[in-house]
Amino acid sequence: MANFKGHALPGSFFLLFGLWWSVKYPLRYFNEKGNKKSHRNHSYQRLDVIEGAAKIIFAMIGMLAEQFVPDGPHLYLYSGEERSWVKLMNWQHTTMYLFYGLSGVVDVLTYSPLKLPLGMDRLMLSVAVFVEGFLFYYHVLHRPMLDKHIHSLLLIAVFGGAFGILLEVFLRDNIVLELFRASLAILQGTWFWQIGFVLFPPRGGPAWNEEDHDNIMFVTMCFFWHYAAALLIMIANYMLTYWYVNSRCDLCSPSVNSLKPFGSEMGA
Amino acid sequence: MANFKGHALPGSFFLLFGLWWSVKYPLRYFNEKGNKKSHRNHSYQRLDVIEGAAKIIFAMIGMLAEQFVPDGPHLYLYSGEERSWVKLMNWQHTTMYLFYGLSGVVDVLTYSPLKLPLGMDRLMLSVAVFVEGFLFYYHVLHRPMLDKHIHSLLLIAVFGGAFGILLEVFLRDNIVLELFRASLAILQGTWFWQIGFVLFPPRGGPAWNEEDHDNIMFVTMCFFWHYAAALLIMIANYMLTYWYVNSRCDLCSPSVNSLKPFGSEMGA
Amino acid sequence: MANFKGHALPGSFFLLFGLWWSVKYPLRYFNEKGNKKSHRNHSYQRLDVIEGAAKIIFAMIGMLAEQFVPDGPHLYLYSGEERSWVKLMNWQHTTMYLFYGLSGVVDVLTYSPLKLPLGMDRLMLSVAVFVEGFLFYYHVLHRPMLDKHIHSLLLIAVFGGAFGILLEVFLRDNIVLELFRASLAILQGTWFWQIGFVLFPPRGGPAWNEEDHDNIMFVTMCFFWHYAAALLIMIANYMLTYWYVNSRCDLCSPSVNSLKPFGSEMGA
Amino acid sequence: MANFKGHALPGSFFLLFGLWWSVKYPLRYFNEKGNKKSHRNHSYQRLDVIEGAAKIIFAMIGMLAEQFVPDGPHLYLYSGEERSWVKLMNWQHTTMYLFYGLSGVVDVLTYSPLKLPLGMDRLMLSVAVFVEGFLFYYHVLHRPMLDKHIHSLLLIAVFGGAFGILLEVFLRDNIVLELFRASLAILQGTWFWQIGFVLFPPRGGPAWNEEDHDNIMFVTMCFFWHYAAALLIMIANYMLTYWYVNSRCDLCSPSVNSLKPFGSEMGA
């Protein structure tokens, strides 16, 4: 949907996943250190399945929204006597959501009795991000300069993320890669919102001059400010998780994942 | 051959190999898990030799077809008094087949007494795919927009596959990479057929408008639908293989690769 | 700052870090070999923290200089009634320094009680270099030919360095990668000075002809001469370090990091 | 030197190194298998030093030839009153040779008492090949179409080789990568000769039409035929080495590297 909501919806999905990952992975990291065992917690497997289900649901919402908004294609691919294509933009967005949905299906199948080989889930997520990237790349080829530029900056986050996730196929449970993924998901999320604000000002203010070179320069810089903010959010979440895990240990409530050894190590 | 058959022939070869791999590798994966041994089965080495031979035969068929179709070059490279080149398009296709043939030769030599170092076979296949990619890249540089675009989408599958196979040089017998290779081979196969249908409608229907931007947009999206279909075929074949391996165990026929331990592990 | 000083300042920072690394890493390498232990010295961790602090200070200096030079933006982002952007060039440079500052913060946090996972510091440095690269890339798109070319050569050093540092995330304490990083930092440093001399001759001599193709060719070649010089400086520093470490052993002063075993190994 | 000899000289150097590597590495591979030890033979270290010295000598010859041919720059960089650049083409070629010379110096230093860290030699060779690639890239930007295309095909071999050698920094003594390097060196060698024949026909025949698209298509294909030939030469040399090593064992002359165990393994 080439309007504000069409950018706010995927932006919110990415932001939600990015923020969630920026809490989940530090938590697992501290728990593993605390337990002095590197085996992944069974509960994290269940989380992965829930994440997969969430991906499927989000992808469904996205696909339905793209198809059935008032000016959507309502599942018609071509129409009329001369068989012209109907709302291909919406169809392309539907395709992007479809691949994230497939990634969710593979996530769920990985921990089903079928036991897809570990790594397929990461590969499938990487493929989904690559598909998003390629579709955007061909998507914006014939747009005004600012529109093109603001989307091509998104491609840095998209392809950077796709490569990072590809590495996770071979370096699974690498905390550095996982936090990198989280930071780029947050970046994508906030940048989708930014695109919406720039190209379709929701309060109907004056549109940006799409051919002004200074606007291009500002937007470039702004993209990296978003990333700086994403990194600061990540660091803040890491710290909060650290203090939460540590404080839980100070109370020393007898829990399955007792953090005593970890807390004492930290104090040493 | 710039006609429907010239795209259907390589398309069928890729499809055949892709489907075969999507069954072979899950089968080996389940057998290895069942046997609780990571040594590769001797019978799989024999399969690799047969695959190599099949590649050589397919490459021969392709080369002969490109050379000896009625409007082919019949092995003449230049002709006439001014020594102009003869049917360079067919010669380029011949070159592509040649490298797949060489890859077949290296496959066979790997398990001959000569014992080429393991990894050479993957490297050679990767080189063959890269060569296909580079030839296509220079090939379509001066074509109408739709023709160019539909072939450049193919390059995503080609270079993606080439990189994946390159990784297999160093990460041999990695099931994730092998399934990725299979999925891209299926994609190439079905996409070659699609190219044939779009550029040379076999039933002689009206040609597509090669300069219509909407057609470009649809084709881009269609390419990724092919990939989604390829992935679903892969998952279906994986499941079928899983049920086949498991059911064979339930009958518990005494076989060399008894799957008892595997079946019981699955039930646990 | 689009003047001589605006290139000399970052040039000096990079040169300083490059030269320092070209001494520090060989020293650690010889010490580790001498001690026959691969554990990293505690004192090197303290050095990393000091390096991080130096990065933060340098980044602050750079940001303040870019903002508060007489013709700088003085922290105003837009001004006037028509809300036009103020000195975006300086703001872009400020953004580059910002990311190096963030990298310094992560360096310091890595050895704080918070214990960021090892590898985050390298990832963050790599991100800072990538950001510098992307900003330069979009920065020089609409400049005269020589200006564009001389900056695009810088991108070779920048992206080469960013990839090398990315590898260090996974191959930490690899002496080859560390020396590679040092050599590219020296190259960036001297090249920034060179850019200053070519585009803003400090003694006010005649400007270079920015559209002369011969100047482009010379500048290309000159860039690689800089790298050859950087490599020779590296080798010289490596040799000096070697002789220093060895001579300290000949005097056999009883020190914590006694190099006796290493010296005798060398003589064997 | 933009003439036939200026392409034949580097072509011969690459060809010589490529052929030598295509014999040396299989030989070492068989010897290691025969000895059932993976330690690299001391004699191979001496070979590496000799190779380094050969690189230095070849680079010197190349540099002197580029500078002191009758129409060379004779070490003058600029001349005349208006200080115009002198023969920059020759200076660029000199720069390429310089980096190969530096690579030779690092090879020699690796096995000197200084003991540069292992991997530096590969990194330096990779850098030399990258420098060659970048210089060629900027070099041919403003040439006629055929000239540009024939050199840009060379870049495939150059950058492919540079990446392969970069991998050798981390995967040292990997026979597959070494043979890949050898094959690309042979390809570069024969392709330099081919460029000479196409652009500067030595017997003074009619020049090729530099704007004919068919010539471009043929040249593209011809490049890959060269690679197919290089691969066949590699396989032939591998076989010859195999038979030589095996036959030496049949005679069973008591040698330091007795191949008995290897021969019997082969027969088993």
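Residue numbering begins at 1 within each chain, and the chains themselves are lettered A, B, C and D in the order written.
Basically, a residue touches a chain if its C-beta (ideal position, glycine included) is under 8 Å from a C-beta of that chain, and two chains touch if they have at least 3 such contacts.
Remember, it's a predicted structure, so these values are computed and weren't measured experimentally.
Undergrad: At the chain A/chain C interface, shared numbers over all numbers used: above half (same) or below half (different)?
TA: Here the answer is different, because the shared fraction of interface numbers falls below one half.
Undergrad: Can you give the rotation angle that fits chain A onto its twin chain B by Cα atoms, in degrees and rounded to the nearest 5?
TA: With C-alpha atoms aligned, the rotation comes to 90 degrees.
Undergrad: Taking each chain's centre as the mean of its CA atoms, which one is most distant from chain B?
TA: Farthest by centroid: C.
Undergrad: Using mean CA coordinates as chain centres, what's the chain A-chain C distance in Å?
TA: That gives a centre separation of 32 Å.
Undergrad: List the centre-to-centre spacing of chain A and chain D in whole Å, with centres computed as mean CA coordinates.
TA: Centre separation, chain A to chain D: 45 Å.
Undergrad: Two or more other chains touching the same residue: where does that happen in chain A?
TA: In chain A, no residue touches at least two other chains, as defined above.
Undergrad: Could you run through all the chain pairs that touch each other?
TA: Chain-chain contacts present: A-B, A-C, B-D, C-D.
Undergrad: Sort out for me which residues of chain D touch chain C in the complex.
TA: Residues in contact with chain C: 84-85, 88-89, 91-92, 95, 98-99, 102, 105-106, 109, 113-117, 119-120, 123-124, 127, 131, 134-135, 138-139, 142, 169-170.
Undergrad: Taking the touch rule as given, give the residues of chain A at its contact with chain C in the complex, in rising order.
TA: Within the complex, chain A contacts chain C at residues 29, 156, 171, 175-176, 179-180, 213-218, 220-221, 224-225, 227-228, 231, 235, 238-239, 242, 266.
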